[in-house]
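Chain naming follows the written order as A, B and C, and within any one chain the residues start at number 1.
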Amino acid sequence: MTRRAPASYNGVVLTAPFSTPYQRYSIDTAHHWIARALKGSLDSVGLKKNQLDGFSVSSFTLFPDSAVGLTQHLGLSTRWLDHVPMGGASAGVALRRAARAVQAGDADIVACVAGDTNHIDSFRQLLSSFSRFAMDASYPYGYGGPNANFALLTDHYMNEFGATRTDFGRICVSQRDNALKNPRAVMQKQLTLDQYLKARLIADPIALFDCVMPCAGAESFLVMHEDKALQLGIPFARLTAAIERHNAHADDPMQLRGGWTLDRDTLWEMAGCTPLDIDVMQTYDDYPVIVMMQFEDLGMCEKGEGPTFVRDHDLTINGNFPHNTSGGQLSAGQAGAAGGFIGMVEALRQVTGQASGTQVKDAARALVTGFGMINYDRGLCTSATVLETGVRA
Amino acid sequence: MTDPLLAPPKKNPQRRSTSPTRPPEMRSRAALGLTAAAAEGRLALQCCAECATWQYPPRDACVACLSNDLPWVDFPPQGQLLAETTVQTSPRLYYRERVPWRIGTVKTDVGPIILVHIHPDVTPQSAIHLTAHLDRAGQGVLVAMPPQETSNAMDAPLMRELTADPKHRRVLLTDARAENAPAMAKALKDAGAAIIFIGESESWRPYTARAALQEIGVEFMPLDVTDTLSVQTLAGEIGGKTDILINNAQFVRPGGALARGDVGFAQNEMDVNYFGMMRLAQAFGPGMCKRTADEANSAVAWVNLLHIGALANTPEYGAFAASQSAAHSLSQSLRSEFRTAGLRVMNVFSGPTESDWFASLPPPKVLPQSLARDVIKGLQAGVEDVWSGDIAKDVRDRFRRDPKVLERELTFGGDGP
Amino acid sequence: MTTLTDLAASLASGTIRVVDLTHTLDPDFPVIILPPEFGQCARFRMEEISAYDHRGPAWKWHNISMSEHTGTHFDAPSHWVSGRDVPFGSVDAISPENFVGPVVVIDCVAQSNANEDYEMVIDDITAWEKQHGTIPNGSWIMMRTDWSKRQGAAYLNMREDGPHSPGPAPEAIKFLIDERDILGFGTETVGTDSGQGSHAVPPYPAHYYLHGAGKFGLQCLSGLDQLPATGAILIAAPLKIKDGTGSPLRVLAMVDNT
């Protein structure tokens, strides 16, 4: 039985990238940060709140509210509403939903926002009620949180493919280089490979610089039809391809590959190019091992060749494979669910020439990959998106 | 190999005692099935009744065929350790105080992937043998052990956390006059208990076993579980040194309500078997709960010896059985009241014991040595429910199959199946 | 001036002294032990209900429980099978003048020291009367053994064949009842019978004959060494328990202090 090919994303554009500054601890709420980012996006393109007719939100700390509560809280009246609780894959998934709504005319201007607060005990609270399987079968064992889960994945990956900590360190060091050009990044000091290797262990083999810093903050962008963007006279990027997959490869004993492997052919076909045709890649970088997996699974290199790929490429802004140009979460900080948006918003800036200090020269095509939600022992959600320049700023 | 556990040094009286903390306690209802099996020392997981797929983590519908029929079945423990990490820091106090803590991912031979605690004697990426235990939160957890037994394996700090081993611990056995007292004391001594306090009531009335107990080497302490002041006084003296309390005080007489004709003996049964437990819990409980994190000789377990009549009344001893039900119910309350401290309540059920008041019953009966051995094994395994002897296991199985049918079997008598 | 006002004056001045012949009621005091198939004598127990605290801020009190025959106690005729039909045989029915009366103390200390199973015989009574005169009718007879001074296991003195403690020989009891019409008989041990009395025929003969004749018993007495051989007045009033067969009580004696 032949599967229908997904319809193209013709006409769908992204605009109005906005990032709030990040704050290590905040006494304010997720509602506060989401509103800040939403306002930022709307103001940047001269739109009013009441011109919004679609709203998608991703957040971990909105409880007891979800998207519905926010409509009344923020005074939004929409004909399309979504809540995307998919962690690092949220931007790609929110975008796919919004794109089809805009194409079908179910909504004209959709705001996609992700934001979280970070109280002193937010991390601990979040862990304690993250998922049923985590509660039953993961946290009772050492309560190391995602650090421990990813340490297990890293251990397995290293044993399976001979990756070394130095290989992972290269990713972290290059991202830190990039972050130094991003005034909003929480990490503002240089990181050497030596410092990376000597850092305090968190859960062997993961050490301090393998881990993101949880923050409060928010990211947002708007999705609309190209005609609308042209009418408004604002810079925009075109969406050319997007995929998502959940609970892929369930029979793999441990996660060495993600769901992207199942849909990347579709992605590149829709994008009309090959993996190495892209100018900049933003991966979901909660831990460097997952970054390597994203390089492999999107087709930059073969499975297990991640270390070689990293060794052979310069991942800095001016290098031959610009990657996580704002510093990624590892250096810019992880504002909860906004960590799943940071790549999309940065990619949008890159292809519309709005990236200022982190701008990759002439960036015209960007790949944004998302990964998230360790429900028990592996990340369940994956997404990938290709953006191209529409109109530059 | 694990180093043998050394006797702990004397406690520094100037240091604040470590406050009890626990690993996470919350579990879904399905996951409690693992706990229920671990409470008896069994490793069990759900196995789909329709397609025979093993399930892990525990769930409400088969991962392969969506069937809701997922009974708990004894699980083949063999597996391979695929990956591991040593947690160096945790936001959870219990683990924060105990890092570095080794965990890993096991691929079991029959399928499921399981996150486990790893015993220090396990080599990386090797074949392992899974066991199930109750952790300090009283929940079932899985441990990867080396496939061959290693020396002093139970002395590893991980295993001391998951068990109530009497080695190097100080034990209070509440009734020196009980027929099982000498066997209990001997078994405790052989298991490495540091001190055995033994409660002796009514010193104005001699009993023959005293010499034997003296020979074994116990410390006689005045204690009458029917005398509130006596219990409180002893708790004042040794409450802070009681790591394991084994309540073997028991009053038993034959007969149901009608056979007795009055409530005199029943009052004794309740006073010893039920109120005795309550008095002991009120006097010793709070102190033991404060000391569950007190290094190597922490307070760790409360042991009740119960007759199987607790589960389903045995009419020949009907009044006594009722007192056992009362005691059993109270022990469940104690489980809850001791829960936050991580103090384990272990109930050892047995059928009639080889003792005076069950003399008129036919065999099989449980010998004091067997009961004592089962108590020790239960403590060493850190379980909550022990079934000592064939009758106890039989009644347990019948009760679980259908309690009403069992009630009929026990109250009908006669010709058997 | 009446005899009573004289008495009051004597008590106030100390020429008459009040002596306490009672053991403290406490949970550790021994009780009689019967074969285990039978109901046992309940020990004395106290449950503190409040002590000027959240359970009762301005007061302290206990609930107490015991047998009618715990500690220093009184035996009524209804206590024994032989006395079951004696009229007014329960503690609430006994006429109160029976609770105050003359007391005679027969010293068997030396004999008991030499023989823990000593039984007081008629000769002991005769010897006493030679010295002090005939025992008046209606007297309490106390067999003094100084047994109350024994501590711990030595008090019940329990061995494989039962307890070993002194008491009256059956003939002595019958003599006191038939020939001297005593009010009752008292001992320092847990029973009016000797420790080995359960092996006699009938078992516990002192109980059997005393209560069959409508006489009373007192047990676990102390302080008999403070009484003269004769001349003191005993006060022994049991609790007025409905159909009671006995009760723990405060046993007092008024003794000439001159």
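As a working rule, contacts are C-beta pairs under 8 Å (C-beta built on N, C-alpha and C of every residue); 3 or more make two chains touch, one makes a residue touch a chain.
Not measured: the values here are computed from a predicted model.
A linear topology is adopted by the chain contact network, the touching chains following one after another without closure.
Legend note: the chain whose CA centroid lies nearest the centroid of all displayed protein CA atoms is B.
Centres computed as Cα averages put subunit A at a distance of 94 Å from subunit C.
Remark: subunit A and subunit B have CA centroids separated by 49 Å (rounded to whole angstrom). Shared interface positions of subunit A, i.e. residues touching 2 or more other chains, are not present. Looking at the complex, you find that subunit A touches subunit B at residues 123-124, 127-128, 132-133, 135-145, 147-148, 151-156, 159, 200-206, 250, 253-254, 376-377.
By the touch rule above, subunit B contacts subunit A in their complex via residues 23-24, 26-28, 30-31, 56-58, 63, 82-92, 94-95, 101-105, 107, 113-117, 125, 135, 137, 139, 141. Interface residues of subunit B facing subunit C in the complex, by the touch rule stated above, are 202-206, 224, 226-230, 262, 264-265, 268, 356.
Of all the residues in subunit C, the ones that touch subunit B in their complex are 27-28, 30, 33, 36, 39-40, 43, 45-48, 152-153, 155-156, 158-159.
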